[in-house]
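Look at the two complexes coming up: chain A is in both, with chain B in one and chain C in the other.
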Partner chain A sequence: MMDFKIDTNFYTVSQVRHLTEHAFVVQVPRRNFKFTAGQHLVLGMKDDYHTREYSIYSGENEEVLEVLVKEVEEGYLSPRLKQVKEGDSLEIHGPFGHFGIEEKKRDTHKHVFIASGSGIAPFRSMVKTYPELDYQLIHGVRTIDEGYERENYSTDRYVLCTSRDDNGDFKGRVTAYLHEQEFDKNTQFYLCGNSQMIFDVLELLKNKGFGRDSVSAEVYF
Partner chain B sequence: MKRVSFKTLGCRLNQYETDSMVSEFHKAGYEIVDFGQPADICVVNTCTVTNQSDHKSRNIISQAASKNPGAMVVVTGCMADNYKQELESRDKVTYVVDNSRKASILPLIAAHNTGEILHPDQLPQNVFDYGAVSKSLHTRSAIKIQDGCDNFCTFCIIPKVRGRAVSRPIDEILNNVKQTLENGFKEIVVTGVNIGRYNYEGLTFIDVVKQILAIPGDFRVRISSLEPDGFSSDFFDLFEHPKLAPHLHLCLQSGSEKTLLQMRRMYNLDQYQEMVRQLRNKYPNFNISTDIIVGFPDESEEDFQHTLDAVASAQFSHVHTFKYSVRKGTRAERMENQIPEPIKTIRSEQVRLLSEENRLNYMRTFIGKEQRVLIEKVREDFVEGYGEHYLPVQIANSQLKKNTFVLVKITGITGEGEKLMMIGEPI
Partner chain C sequence: MNISDSERVRSVLERIGYVWTDNEEEANLLGILACSVRQKPIDKVYNKISQWNRWKNKRNLVTFISGCILPTDKERFLKLFDLIFSMSELSQLPAMIRDYGVVTPGALDSSVTAMPANENIFQLWDVKPNYQSDFEAYVPIQNGCDKFCTYCAVPYTRGREVSRPSQEIIDEVAHLAARGYKSITLLGQNVNSYGLDKKGEEITFPELLRAIGEAGNKLQQKFWLYFTSPHPSDMTREVIEVISQYDCLAKQIHLPLQSGDDRMLIKMKRSHDLQKYREIVQDIRQLIPQATLFTDIIVGFTSETEEAFQNTVEAFQEFKFNMAYIAKYSPRPGAASYRWEDDVTNDEKKGRYQRLTLVLKRHAYRYNQSLVNKEMEILVTGKDRKGQYLQGLTEGKIITRIESLDESLIGKIVPAKIISAADFSLTAQLA
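Here is the complex of A and B:
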């Protein structure tokens, strides 16, 4: 008898939400894909060697699995993903990574999420997964339209820092905003975004007395 | 009797997998010959971690084919995964077998010899189906406990060619260790791609090492290359056990915080240095060696100076220095500010010189102290082996036998550069 195996790594796109000219959310049914909020997956087009890592944008218990993609205009995969339509097939592997909220600190600590650009993705997953979480989300972008789906966060917990736009909650980079803030000692910081932002924020937090035990970081580029 | 030769490139894990294959072929009645001797079958276990590894692997494959006209040439290892189509299109390569099917090369060849031609993709996939090593040119045998990596460091191709992290069942590991010891090995090396992340049914890396150490017998355990993340004080306590060698190869890669972030490493310099401090506070002579990548994209002179400072401060006994090389499909391939090769060469040389100075200073601290040496090579007038700290020792006595332990007092140092060696006198 022929021995064959069904490849379970292929997922059919159920929705694509275009948030800005260059940012969009790709959604597939979650099926049996189990993950912890903060983890990432590896995504590729069917029959294409090229893959990329994306943080998971949706919550652990949602019926869908989503990633937030920022198009890199000279890039290989993201412009192709932008053309993806409902019914197309994608290859997904994972979950991977150790970025996430420490279970023992979830209810005892304040959580400050600091993101640049599409680095907001793992934090949306955390907020969707833990609706009771005591968090503040500081999101650094260039213009207000990059405050991706900010209606997902209550206004008293979300701070949009816009470096090239006066219409955010704070005009300037996240580092400038953080510089002015005071934080409780039992605050846990989570950083996700480009390496320069993370480098600068780590220095800033160190100067405020928060060492690496109080900080988790996931580097994007 | 069919003659088979093997050539291994790259890491200790590859070496273990070759050693295991050698043992299986030997048991199956094949004659094992040195690579370069005429053979009917040549197995090349390749590496693809750098451009240089690719280059060497290609050269070896060409040599295997040109020196053995008509021989079966089997290419496996990480390059076989990374350049599968290219290798399959080569006329002189008989089979290209990916890493996950490497353990089935013997049945593939046995089938071929009886006229049954299988496509390697028909072979079963099992990254742990390796028996204990019985025949090897080495006196220490690796034990594979884990394969693959989920860290996705931006420079590294390994997650693509070795796949995601998987851990070997503990019973298989312990059986493998017991069998290896029964086969006469006195030293085993716990190995894998990212062994610190071992996780099998709730058991951690620390649990595995503890269970291996609890096996009775006069043998020594080493831990191979380790990623410096996520270790508790329990881990440091392991080294109180007399069977566990006081040496770790802790991969630092860079001393620059900025570069470590760009590499997407799982630790920062402070955390790394804290591990070194804890180990040396608890065990003053503890041997720490490392890997350093020089010329990573955007690495400035200041970043590189941080690396030199870190190397000097940690007093590594050995630094394995790699010049960064672009790996297709990795994030670093797409980074800006790639560093020119001449600058990488200069930086690599600076690290090498500093490393040699460190090594000499470290060896000097052993003069007058004892080492328990496992004899590896017997020459006409002397023997050579490694002490528990993984430093080479030469002993002026040819009566000592290979694969035996001898307690010596270190009296001096001989050689220079990479060939530094301690001199020991049996006690």
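Here is the complex of A and C:
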């Protein structure tokens, strides 16, 4: 009998949701892909060796696997991904990374998620995975339309900080919002997005008495 | 890692009748085990294969490439080399050579190489290596990497971390030591993550070191066991405690820092900060004060400011490394940082490299100077470049020139008195 192996890294796109002109969610069936909320995967198009890392946007227990993609102008993969449609094949590897909620702190701590732009992706996965989680999500974007699928979060837990319009919950950057806030000592912070935001928030939290043990970070660029 | 892999490739080739030659120009099979961590070695591959392909006009020659190869390079190498295979396909090399010119289906289909599967890596470890030296050997204990540092493409070329069965490692080390090998190095991308991919089924890294230490105690042979490289985020006090308890576990630690600036470490996704590194060094100084400390550093990483670089300089002053492998940052295709702006100029990178080297030299020299007039054990590794002295390494891997030409000492650990010190080396007389 012929010996052959089925490549399990190829997934068929089941849905693409365009959230803004440049942001969209790509969905495939989860099959046996196991991951922990906060981890990322590596995604590529079939027959193309270019791949990129994307945080997983869907929850651990959902039947689908989703990533949130922000199109990069003059980028290679994201403009191509924007063109994918239901039935197309994608190559997915993973999961990778260690970003996520420490199990022992999950029920004992308050969790503050701080994201810029598409850095919200791992936090949506966490919220979907742990519906009972005591969390607050602070999302920094330029304009209100970038508050991607904010209906997923209860309004008392979600703060949209918009730096270029007045339509969010707070006008200004996340750092300006955080500056005005007080946090319980047993708060765990999670930062995801661009490095400058992460550096600024780390400094701010340090000044509020929260050291690196209280902060996890995932840099996107 | 590539030395260990090449020993296994040599073993496979010799088993099918090939004879090793040191003369590249007379070989009829030439190959490269590539390293994709930096651009420079890959540039050398292109130079080498263009030379070899010119030689093909004059004689029969088969070329191959394996090792760490990024998908982008792999596509180009397919056109330049006769054979291309991943190390996990090594057992199939004889068949590939028999079918000279026919590459494996896996090598032809670039889409399946985006993240190489690692499940066949056990076949590589089954290959008995043909050790290149009679006294120095490298023993792989894991393959792949799970850390995803943003400047590095290794996880894309070698795949996920897979730990080799511990009993195989312990047996190989014991076998080598019993045969008289004096310097044995455990190899892996993150050696101290050993066993974490098989939690509960495999022993941990400190347990592996302890088992080797116990095996070493039972042997009558003296040897030094090293490991490279550990990752600070998985480095525990237990590892250092175990090293302190066994004579055969060499008192030399290579602990990559990469940057002394916490912001840079975050951007590099190193998952440790300076304080964590500091605590490890404190443990080393407390438990094995005689240990030498080596590190790896990248200067000029994307967005590294002068202030951030100064933090690395301060880290060098604080940790007083004996040796540092300082690399000027070069973006690697396949690594996350490849898409970030390489915004530190080459001149600036060069300047930071030189400034950091000066700090390193100062501390290394001070340490070396403190060894003058002391008697130390030296592993004699050969003659120096000019052939006028023997050359060797201390247990802490400080290069030592020995005032002797007694070649019978090569491969032995001998007592010697240190008579002078330089920045990165010592001179000794046989005791």
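What to note about this one:
The definition used in the following text is that the second predicted complex is superposed on the first by the 221 of 221 C-alpha atoms of A that agree within 3 Å, B and C clash if a C-alpha of one lies under 4 Å from a C-alpha of the other, contacts with A are read in each partner's own complex, and residues count from 1 in each chain.
Criterion: contacts are C-beta pairs under 8 Å (C-beta built on N, C-alpha and C of every residue); 3 or more make two chains touch, one makes a residue touch a chain.
The structure displayed is predicted, hence computed values, not measured ones.
Superposition note: with chain A as the common reference, chain B and chain C are in steric clash. Of the two partner chains placed around the shared chain by superposition, neither chain B nor chain C is touched by A:Ala37. Applying the stated contact rule after C-alpha superposition, one finds that A:His98 touches each of chain B and chain C.
Contacts of A:Asn9 after superposition: chain C is touched, whereas chain B is not reached. When the two structures are aligned on the shared chain, A:Tyr49 is found in touch with chain B and with chain C.
In the superposition on chain A, A:Val219 makes contact with both chain B and chain C.
By the touch criterion defined above, A:Ala115 reaches neither chain B nor chain C.
Contact with both chain B and chain C is seen for A:Ser195 once the two complexes are overlaid on the shared chain. Put simply, more of the residues of chain A are touched by C, taking chain B and chain C as the two choices.
Across the superposed pair, chain B and chain C both touch chain A at residues 49-51, 53, 75, 93, 96-98, 195, 198-199, 202, 212, 217, 219, 221.
Partner chain A is touched in their complex by these residues of chain C: 71-72, 74-75, 110-115, 146, 148, 150, 155-156, 262-263, 266-267, 269, 271, 273, 275, 303, 334, 336, 339-340.
Across the complex, chain C is touched by residues 7, 9, 42, 44, 46-51, 53, 72, 75, 91, 93, 96-98, 195, 198-199, 202, 212, 217-219, 221 of chain A.
Those residues of chain B lying in contact with chain A across their complex are 150, 152, 154, 164, 230, 257-258, 261-262, 264, 266, 268, 270-271, 329, 331, 334-335. Residues 49-51, 53, 75, 93, 96-98, 195-196, 198-199, 202, 211-212, 217, 219, 221 of chain A are the ones that touch chain B when the two sit in their complex.
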